[in-house]
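Below, chain A partners chain B and then partners chain C, in two separate complexes.
Moving on, here comes the complex of A and B:
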């Protein structure tokens, strides 16, 4: 009898306990995801009560339920106004914040796995600045790579120019001399390049356009309207689902391309597909909301320490936390006590940067 | 025994990056379960050879045959059930516990959900390597020795017939070096695996290996039983180090002396050709 068989026989109960332990550990992860979802729903309710028509915290859920189940109110009745103000004025903005935060965090998870670098997200790798440039020339010159103008044309610009840094990331992360610093340093270089190009484009812009473009670069939910939402929602949902289906393959990338390949993954193709999807997601979000940094870094980083880095749990957990995080920042930015309404991107950086520094300093010996 | 007939044939493997040649026409057969160590100085192409064997790199010429089939003709998924690879351990990794880290080795077999069967295999591997108490610990917080065993456990749960390891004993203290190398030999017996490892410690490698493969400047300098390969002359030529070889418990044991002038002769003849190359097999059945 081999030593293995002996070991197995003598530890039969140990094995059962081991499996039970692990199942318990998975249950905790799932509960964490559910917990974040619950908090997100509560904060959504609270966010609806802020500014505009007075609605009680609990009342909001009644209105939402009625709206979903198709209850209609008498035209211009008080309830009708509340319903209108919730669903046509406040909800788009709230949902946009959640969708954007969710999408950017999912992008962060994917890009960190693809580059094996905890500092990678659409912002640090330069995708955002590429997309900014695409949007800038769209706004300033009305130039679009796509024949359809308006929002779709600008979004397409953001996508194409966001892909330029992405191509760089693919080239670098597949190369032999890849180091964690290379990707981020390269991202910084690309960011500066595109920023200068965007600035040049602004030289030709009218004052009004400059103001619009400037606000947009700060990252704001102000411009989001109800009719944009379905496109944004469906786009991010589809991309997130696709990415999520490949969670286990993304996990393999943690092991390095050689080991991932010997575990059966066609690394080159997979990595390219994932980067194209994240570029599409990032571009879609950025073209609606402008540049929002940090959320794609902070949410995955926090969740890696809470639910660990298994993407089957990390992606939903980090996505929901990112949505929550962005919603809180946006809500704070327009809270009654604020002297002026602050763009969400500004608050995000203001809150996100110290949190991120704290995490880095505290977890010195771990990842990062 | 599972995998009894498994053979790897390295048939004229040639590899190079754009203008530099790394491997030049290598010929050797590795037959059946055993532990084979690949030795040789830095930069002679050891990792490249391992990469070519497990299809991470594609040879420019020649082929690697697994039981007679060119690995190029075997799909990655199918190959992953036959051949495992454990890379040089790196300390940078994302937070993840040991079970999750080992479970990834089940990827060739598992579906989306983690099945009890997968967990049982993980548990067995952890018990076999005597690290089951680390199960719920964070992978990136382990010591180098524990880390190496976890990575090895991942290779085991993959249940390959052939397992390749790139410097599994680097970063380990002497006790762990011996422990891991001995373990590899035992596993080759228990599971009937062909285990190939790259090593820098000649004495430990030789003690536990059935055969050794000594590489030099992109070729195989000598291959076979330790006594035939590890000679004072070979060590001097390949490593540029004078040494004395003594018999220690029946194995050749290298006692290092001083460095000598490295031969600058780039043109050397490999001893093995397509017609005449060794077939390395297990020494004993013990």
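Moving on, here comes the complex of A and C:
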């Protein structure tokens, strides 16, 4: 008797009905992904209309279509200016938000599976404090790890120092059943350590340098320029694809390391690979954009309710939602009704912290 | 196995070990006090500062103008040293109570979001000029803000413990952390609008220092220090019972939820007092109790007072190191973080269940 027949017998419903149910279940997942994509497209259109040259909401799609199909405008004609402002000024920022949100959410999904902890996220594991320390010593002492000065050196510092806490926390917590509280407390203690190190650096800094270092950690899409985008896009894409290929193995980790190795997974090696990939991905994003917390916490959490915790669907759905979420926050931050432009990292924290609280308070006893 | 005599001997050795440990803490602290009052812009040798200290205590205030000046300099450093002892004791004993009641070795007195609340209060005063009290006096207003806002996260934690009876101990910890994240976000926005000089002030405030202690605020700090040790000592037996699981504790007549809530409130109160005078000095409340645990085991009747003494010793020693290593006058918080951070990482890696 096949497993399908068994399942049919045990539920007592007809075989056709069972298959229809399954198809419906799949359709929900696919519809969710398609729905998020549509909304993402709409928000992108709106985000383009904000600030600078006036472009209508529907007009923007015309310009995008023309740009893709290769229509060129007369140099310095009104249309040329609009096309230029869309693709060279506004698009990089929008794409950066989508890519960063996507990457951080994928990192969140994987970190949560590897640590078996619903609260793991690049921010709660203390990555940002490490990155801020890297930036502080870069700005104050001109110290950079790859001996180039200026922005690239600073970014490289942020990348390397951001890796330290994440790798440490995840490596320590992987494999053992640590409570979520322990992991988060660990992240906080590491950020105490790094922020006092940053403060020592700040004691040698002028007030202007302190301001510069502070502004760096706010998390904004402003610094991402068009020439950084390809690097960011390809990097995140490659890492995400690699992670996605292993989504079935990630699912096995939900069963605990004992069961996972019984089912043929080399748990230790697999975990290490996943940790290195996600930590590198998150640190890279932070080095481009500054500190952006909670995307990797919120997007996977919402999608776990909608498309279940199956990583084959969770990773793409949460990634897209994260991209959408970050874009919306960035757009809200610079929307016309705001008195001043707020950095996206700040808005994320305002939205993310209450959701973090909600996850804790609503979780069943024993789950946390 | 052993006869009654050998058993009694073991027990006496155990008790003696506790007293020896506390005596060592006391001696080191006393030495640190003397070094502390001899260090600063005008430094004295150990014997000199010892002489001036006891001279002043016994009423031998020198008449020679030069010596009288030295005497007044030394005497002005005494509140920093004594207050440092009180602050260290508060942090140590509160950290110990927090670790025992939450059954989490990584817990510390700031776990209830006190640091973030206090920073928010300070930022509100410096940037927005918002003060809950103080009537115009700048220092008082900052302290009042720090104190009041430090208590808010603990209030939220208590609120959720009462509202949501399913919340586990770890859940309570995480609620505090959620409030902390939110407060940090608000502080970040305030910093965004702050002028450069205020931003620098906030950085220094966030790493604590016992420098601000003086004769005026010393009495409050000392009284709170003593009250904190006595009050938490009162809970030591309940804390011992809490080390078992909650059901067993209940059978022995201890309501775990109630004890935890009381302790949460008390610890936040005491720590908020410490923080509003000195800023957030990290890791003293984490490392102090752990050192004691290594030597004394986990009987809270001895652990709580020993943690207070170890906390005082660590803080004062850290301040002495900070003052002597650099002439720039590094705040004590930097040194405690540099020492405490690695200890913490070690604890995280080698987390054992046996001492709990």
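The rule is simple: the second predicted complex is superposed on the first by the 315 of 368 C-alpha atoms of A that agree within 3 Å, B and C clash if a C-alpha of one lies under 4 Å from a C-alpha of the other, contacts with A are read in each partner's own complex, and residues count from 1 in each chain.
Convention: contacts are C-beta pairs under 8 Å (C-beta built on N, C-alpha and C of every residue); 3 or more make two chains touch, one makes a residue touch a chain.
Fair warning: this is a prediction, and the values are worked out from it, not measured in the lab.
Once chain A of one complex is fitted onto chain A of the other, the partner contacts of A:308 are limited to chain B, with no touch recorded for chain C.
By the touch criterion stated above, A:14 is placed in contact with chain B alone, chain C being left untouched. Of the two partner chains, chain C is the only one that A:218 touches; chain B does not reach it.
In the superposition on chain A, contact of A:207 is made with chain C only, not with chain B. In the superposition on chain A, no contact is made by A:270 with either chain B or chain C.
Contacts of A:261 after superposition on the shared chain: chain B is touched, whereas chain C is not. Residue overlap on chain A between the chain B contacts of one complex and the chain C contacts of the other covers 180, 365-366. Taken in their complex, chain B has these residues touching chain A: 51, 54-56, 76-77, 79-81, 83-87, 90, 92-97, 99-100, 104-105, 107-108, 110, 112, 114, 116, 119-120, 123-124, 127-128, 132, 135-136, 138, 140-141, 158, 186, 190. Within the complex formed with chain A, the residues of chain C that make contact are 104, 106-108, 111, 160, 164, 166-168, 170-171, 173-175, 177-182, 184-185, 188-189, 191-192, 196-197, 199-200, 203-204, 206-207, 282-283, 286, 328, 330, 333-334, 337-338, 340-341, 344-345, 348-349, 351. Contact residues on chain A toward chain B in their complex (touch as defined above): 2-4, 7-8, 11, 14-15, 18-19, 21-22, 25-26, 112, 116, 118, 180, 248, 251-252, 254-259, 261-266, 304-305, 308-310, 312, 365-367. Chain A makes touch with chain C in their complex at residues 119, 168, 172, 178-182, 184-186, 188-190, 192-193, 195-197, 199-200, 202-203, 207-208, 210-211, 214, 218, 293-294, 342-343, 345-346, 349-350, 352-354, 356-357, 360-361, 363-366, 368.
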